[in-house]
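After this come two complexes, each holding chain A, first together with chain B and then together with chain C.
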Partner chain A sequence: MTKAIDFQTDPSKYRHWRVEYDGPVANLFMDVDEDGGLFDGYQLKLNSYDLGVDIELSDIVQRMRFEHPEVKVVVMQSGKDRVFCAGANIRMLGGAAHSHKVNFCKFTNETRNTFEAAEADSGQKYIAAVKGACAGGGYELALACNHIMLTDDSSSSVALPEVPLLAVLPGTGGLTRVTDKRRVRRDLADVFCSMEEGVRGKRAQDWRLVDEVIPNSKFDETVARRAREFAAQSPKADVTQGITLGPISRTITDDAITYSLVEVALDRAGRKATITIHGPDEPAPESADALVAQGDQGYMLRLARELDDAILHLRLNEMTLGNWVFRSQGDPEAVLEHEALILDHRDHWLANEIAQYWKRVLKRIDVTSRSLVALVEHGSCFAGMLAEILWAVDRSYMMEDEFEGDNRALAAIHLSDGNFGAYPMGNDLTRLQTRFYGTPEAVGTAKEAIGEAIEAERAEELGLVTYIYDDIDWEDEIRIFLEERASFSPDAMTGMEANLRFAGPETMETRIFGRLTAWQNWIFNRPNAVGPNGALQRYGTGQRGDYDMERV
Partner chain B sequence: MLDLINVSYDTQIPNNVGLSSDRKVLKALERWHPGYINWWNDLIPENFQKSDVYLRTAVSVDPKGWAKFDYVKMPEYRWGVLLAPQVEDRTVPCGEHYGQPAWQEVPGEYRNMLKRLIVIQGDTEPGSVEQQRFLGKTAPSLYDLRNLFQVNVEEGRHLWAMVYLLFKYFGRDGREEADDLLRRSSGSEEAPRMLGAFNEETPDWLSFFMFTYFTDRDGKMQLESLAQSGFDPLSRTCRFMLTEEAHHMFVGETGVGRIVERTCQAMKEAGISDPYDIDKIRDLGVIDLPTIQKKLNLHYSLSLDLFGQEVSTNAANAFNAGIKGRYMEQRIDDDHRLTGDTYVVRSVRDGTIVTEDVPALTAINMRLRDDYVRDASGGVGRWNKAIAKAGVDFELKLPHEGFHRQIGVFSSVNVDPEGKILSREEWEAKSKDWLPTKADGDFIQSLMVPCYEPGQFASWIAPPKVGIDNKPGDFEYVKLHMA
Partner chain C sequence: MTKAIDFQTDPSKYRHWRVEYDGPVANLFMDVDEDGGLFDGYQLKLNSYDLGVDIELSDIVQRMRFEHPEVKVVVMQSGKDRVFCAGANIRMLGGAAHSHKVNFCKFTNETRNTFEAAEADSGQKYIAAVKGACAGGGYELALACNHIMLTDDSSSSVALPEVPLLAVLPGTGGLTRVTDKRRVRRDLADVFCSMEEGVRGKRAQDWRLVDEVIPNSKFDETVARRAREFAAQSPKADVTQGITLGPISRTITDDAITYSLVEVALDRAGRKATITIHGPDEPAPESADALVAQGDQGYMLRLARELDDAILHLRLNEMTLGNWVFRSQGDPEAVLEHEALILDHRDHWLANEIAQYWKRVLKRIDVTSRSLVALVEHGSCFAGMLAEILWAVDRSYMMEDEFEGDNRALAAIHLSDGNFGAYPMGNDLTRLQTRFYGTPEAVGTAKEAIGEAIEAERAEELGLVTYIYDDIDWEDEIRIFLEERASFSPDAMTGMEANLRFAGPETMETRIFGRLTAWQNWIFNRPNAVGPNGALQRYGTGQRGDYDMERV
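Up next, the complex of A and B:
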């Protein structure tokens, strides 16, 4: 699987989904094209999915929020008879490299989190209308919806058959959402997760696996009615017109990816990608209406889309570049102005969507399995939401005092209100709260520094950066750090960083990205699942997995 | 009527499974039985329920007991639980447990797979009774009416057989599945039968005969492969069911044969030699051979769909687990494990039909379907002999396996009866020549008037060569209750 994966798509290119818009209700049909797999060697039968199917879903969810703010309820359903969704395609998983499986799961997790949060974030509620078999990743899709309706035709069921069938876990949030979101009793969850055939009818409701079970003959009309009811009850303000998300500006060459506001330099020998973010190229809009008029060309949105794409591109297509270096260049005051307009208009739909999108992009950084470092150089603009990157990364270095021959503005960090609640992490804390988990008072101290241009010494005092270096030390220290980092085992790095990044309380989200994913990825490395005689490899041959029965 | 309060489960339910001392199963049956009787009573029109029907009842599995003929009212039919005799030292006949002693209890690891197979098999049995519920009103003779009811009560018994297994071996899950077997209903919007072919209507008697010939033959092949199960109670159950299934196929083969015979005879009498002179032939009150061919095309293709995907993981799992074998597994000369073998399947690549070798384990469905096609061609040959003997220049043919398919590799293309892939437009233009049209159905329907006089037959079907239980031609097979 070496071909480059492109995360950009648009409705004209969809092969697996279609959406019918009906005022405040959008009907989202999953109708996977069997022959439309992203790679060769498997067919996407029974509405099973691969990364390509999920890229389309992610695009739909995103466009739903920006292009269709009139939508208050999205009904996810199958375009096929007798099957809702059979989950991730097993032959695809069986043939995929470990790294692809992991990246695939991470992306699908992020997509599910996104539509799950759409109700709280944007007032867009997702309903799963389940008819036919809904198994594995199929039920995980439904689990991430806000309301699950199941038809009672005495054959449709919901199931998580991964353990008995494939010797892996329902790893796209399945196990976690069953207990943490659906709050299924743990012994019933144990029964449910170890049976291949799943649960149907009233029992599915009794066990809290679905919200409603509906007679088959009344199913479609009940779903339609429920969708209208939810739409009528929705607190979401009416918006008549969305904005259009046009194609992003992007040029990919051998050693660089260039967007309008983001540049990525690829250093394969040094196993490093340098991501440079540029400050605003125009003044902030003066009103929410002006923001809408700018559409997808407004700075905040354009930058989020470009950065988002760069992250996904690097994750999937540049897996040996183990170190990401974040830089920024631009006018920090301008960044603050753009952010302020968004934060001051949180009751405006587009401003809210942009802020929520920034929250998601920053979360993508949080869960990226790369060593992340930020360099706060002269002329940089780590201000407001861009300053969040400094606390998303594993380490940060800041230039101190003037550098010889460098006439850029002295490096300074700028805090805003946004840093104190607008972009919470998966653990529901701000990055500063997480950073100062042992010294909560430091958050308050930092807050008092809003409005300051925080230069190196002060930044170090406030604990906002790891190290500050002057002209004499800078180059060497950075070089040595990056060389050392590049020499460590990538596995140990991934594990260490993922553990250190999320201090504090667990949430469903951290449990999915931490506990569930880690166990799944362990199993994805074990012969019982992926060895030549493991269940995943043997699936479809008729032969069962040959297990090493030692408990570890 | 049965005494539902005090059902004696040894006298009213013929069985060789020690029912009276099996408290678990008895308790479950007591609970399930009233629902079953309700299902039956709702299904069969009341005047037939009260009629005396000359039926065969199996009261034991030895040669003397498996076919007792007598008049019986259908709701009082003694649906029994009968397993073929246990074979000493039977071993698992296929898959990874090949050669190990056959299981007398459900192996935990295969419980779900077994249950699913039994439920799917069980779901077809009442399904066909539901499909055929209105046919009694248009029976072409008392002989045929009796055969219909015989098929119906035996399908009912086959449901019992599967329900017994569910009760005996699958605990609470099994009891719930048994309830759902009565809850689902053919063609129902609320809860349809599990397999497509069992949700199609059986609108007329030609359809009934085609169904019993082609679709029940799929049932036979499924039972044959379940009779090879390493789970011995399932194997024994299915072996006994096969003796009854043979009668259903007999009804189908002779039924179509008698229609063909009558058509040829009428043509001869009227001096018509061209089998395609359809209007004239229909004016004789018989069904023209091209229409019979269309019906054959329809039922054959629907029945092929019942075999599922040509390449199937479920089928491979079931074979490898040793819970479902191949047709005549014992007589096949190979290692019965198939881990290294291949099998030829047809597939569609770039718009043409190609053959390819696939791992034999995954092609179990395909193999069973190939066996089915061979098995189904026998009766067609005998029909053709009768046509030839009558001097009519016509031959009935099984269409190509890709014709009119909804499931499997051919479902994505349009294939004519000769096996040529057609464009959508060509198919639309020609399919009326190959499949029954509404007009064909209306014509057949116009012939469907009941003929309830003993010894009399409708215009479009010949009498049988011999009667059931060697009864004479004017025997009153059904004493109709005409209230």
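Up next, the complex of A and C:
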């Protein structure tokens, strides 16, 4: 699995999904092309999926929000007879490297979180209409929908057979959604998660595994009626016209990825990627109508799409680049103007979508398992939503005073209202609240600094950056840090960062990325699952895995 | 490491710790005997510890509460010059099996939670008086104290060097306590946790790593004064006389462990341990004074001690027994009487200690990584605190109606006030609240059943058990379940149970056992840490670990 994975697609290229738009209701059909696997060596039978299938789904969810704001209800269903979805493809998992499995699960988790949150964020409610076997990752697709309808026939069931069948956990939030979202009683959850055959009919509803069980003869009409009802009850405003998400501008070479507003420099010897974000190249639109007119070329949306793509590309294709360095260059006031137009028009559908998208992109940074550092240099534009990056990273360095021969504007951070609520983390706190978990009064003090150009000494005093260095120390300190960090065990860094980044309260989302993912990663390393005689290798041979029976 | 580990000890056997009692202040000295390791192959230099050292500490913490209720402040300090504690012994970790490492960490975590909670539960506040190097598990000992005092000299520091030095995480809650208890700013935590040398002096206080930094010349007197001050301010009532915890009654044979009130049958072929708890063999004491007079022979305390020992023995010494079956036999009314005496006298120190101890024993069950099942048979006594076991386990089975040739009283569950608040789980909810997270009204309905003998059909209706079976199905159903469960991959069960058992809110405690432990387990399996060229094996050779630099 060495070919580069491309996260960009569009409907003309889909092989696995199709959407039928019907006014406020979209019917989304999963109809996986068996021969359309992202890699060789497996067939995507029974609507099973690999990363390629999920990249299309992610694209659909994104386009639904920007290109089809008229949609209020999405009905996720199977395009095949007798099977809803059999989950992640087992042969693909059996052949994949640990790092691919883990990053595959992370991306699929992010996609599920996105359509789950679409109802609250954008007024688009996802319904799962389940006919046929709905197992493992298939049921996890349904679990991330906010209403699950199951047909009552002799063969349709929901199941999480991973534990008994494959000796791994459901990989995309299944266990957590069963207990925390569906709130299934824990002993029933234990029974459910340890039975291969799953649960069907009335029992599935009694156990809270689905919301409705419907006689098969009335299933389709009931689903259609329910979709219309939800659409009619939706508080979402009517919007008739979306914008088109065209291809992003991107050039990939051996040592760089270049977008219109983002540059990524790849330093494989130094094990780092430097991500430079540019400020606006055009004035902010003056109204929501002007924002719509700009479409996918507006600064805020274009930058979010490019940054999102860069993050995904680096995560899956550049796994040895353990350090990511975030830089910015540009006019901070211009960034603030673009952000202000968005934040001032949160009741406008497109402004809202762009703000919600920034929330998601910033969350992707939060859960990226790389050491993240930000450099606040002269000429930089860490302002508003870009300042969030300073608190998403593990640590930050800022230039203090003038540097010899450097004529750029002195490094300064600019806060906006957006930093105090527009982009919450997975733990439902802002990044500043999380940062100042021990000194909550510091959040208020920072808020009073909105409008200031916060230079180094003041930024340190406010606790907004980790280190400030002047011309004499800057280069050495950063070099030493990056060299040292690059020498540490990547596993230990991953574990450390996963624990330090999310102080305070946990949510279903943080539990999925923190608790559930960690246990799954552990199991994904154990011979019982992935060894030559483990369950994943033996899947399909009729032989169960050969297990070491010692409990850990 | 195959010799049986004994969790029973007493002060006459201590090799590593000593306590000087001084009225309301106890001075606890860690002074590890280098040659006193639990296993061969390593020396416990620099006050480093292994499980044997921690078993003594756990015993001290327990005796402090029962034998020395006069103590209000415990000062944890080093008995050696120049080093407070160097943490868990690295050579021991390097040589230990994965299962030993994980269970070692679990026990040490439980001990730290216990002395951390001693202030809230029993009015005994632990202070760490840190002189000399305080690194890794050493700093984690300090972190679990509720006040940390650091001397200001050129060499005393606090550090978590695990990540840079050993490529593993601090194993006993360090990362979580840094962010959640000490509330260190996350970028400073990142800096702190990736520097070998740690932080000393004023910076340690500025970063919230310690509470006080004191000039070395005034350290001892300041610690003594602070201890007296805390003791004087303590709301704990004055108690002059404790009770003595004598040896427990225990016989270990090849296939059984027999206590006075607990029997454990070991079935290695079937990979299960059956734990039978007996009801009271004597009437409940009639007053708190009578409870004191019974001392360590009273039913509630004796049973808690025996059950606690059985749990620890099975966890560390019988790792292939993946299923634990809890049974009980006895008079449920008698159990309720014993429990009522305790709960009715929560303002009496000993009654309080016994209730708090039951809370801890039940929490040990919650975090035990074995598949847990309870059988509610005829003649059983799952009442009050013993009924908690039914909701600590993963699932439960209950006998319905009369069984042929069985003259015992019909199986019935008895609830008490204790089930609605006396024994909270680590997530701060009761087990019934956690169980009924999806149907909170069911907790109230259950509460109305206090006083009833709840037989099978009613227990099922109330949601208190998973399955009820009559004479025809009972034996087969349980046999099939246990055989099936014993055939599953133990790793998958561990991961599944760790995720299903704790619905809802998380606390520092659940985050330590859930998120932190899972990441540590993952790292403990990775070649970068434990492989032949990994950091743990190379420790002390002057060579850093040879790392696979791919990020996962």
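Rule of thumb we're sticking to: the second predicted complex is superposed on the first by the 552 of 552 C-alpha atoms of A that agree within 3 Å, B and C clash if a C-alpha of one lies under 4 Å from a C-alpha of the other, contacts with A are read in each partner's own complex, and residues count from 1 in each chain.
Keep this in mind: a residue touches a chain if its C-beta (ideal position, glycine included) is under 8 Å from a C-beta of that chain, and two chains touch if they have at least 3 such contacts.
Everything numeric here is computed off the predicted structure, so don't read it as measured data.
Participant: So, A:R370: does it touch chain B (first), chain C (second), both, or neither?
Facilitator: A:R370 sits against chain C, while chain B stays out of touch.
Participant: For A:R18, select first, second, both or neither according to whether it touches chain B, chain C, the two together, or no partner.
Facilitator: neither
Participant: Of the two partner chains, chain B (first) and chain C (second), which one does A:R435 touch, if any: first, second, both, or neither?
Facilitator: In the superposed model, A:R435 contacts chain C only, not chain B.
Participant: Who touches more of chain A, chain B or chain C?
Facilitator: Comparing chain B with chain C, the partner touching more chain A residues is C.
Participant: Taking the superposition as given, does A:L169 touch the first partner, chain B, the second, chain C, both, or neither?
Facilitator: A:L169 sits against chain C, while chain B stays out of touch.
Participant: Is A:R544 in contact with chain B, with chain C, with both, or with neither (first, second, both, neither)?
Facilitator: Touch status of A:R544: both partners.
Participant: Once the complexes are superposed, what residues of chain A are shared between the chain B interface and the chain C interface?
Facilitator: On chain A, the overlap between the chain B and chain C contacts is residues 164, 544.
Participant: Would you pull the chain A residues touching chain B in the complex into a rising list?
Facilitator: 152-155, 164, 195-197, 215-217, 539-544
Participant: Considering the complex alone, what residue numbers of chain B touch chain A?
Facilitator: It is residues 96, 112-113, 115-116, 180, 183-184, 189-192, 194, 313, 315-317, 319-321, 338-339, 359, 361-362, 364 of chain B that touch chain A.
Participant: Spell out the part of chain C that touches chain A in their complex, as residue ranges.
Facilitator: Interface residues on the chain C side: 98-99, 102-103, 162-164, 166-169, 175-176, 178-180, 182-191, 193-194, 208, 271, 319-322, 369-370, 393-396, 434-439, 463, 465-466, 484-506, 511, 514-516, 518-523, 525-526, 528-529, 535, 544-545, 547-552.
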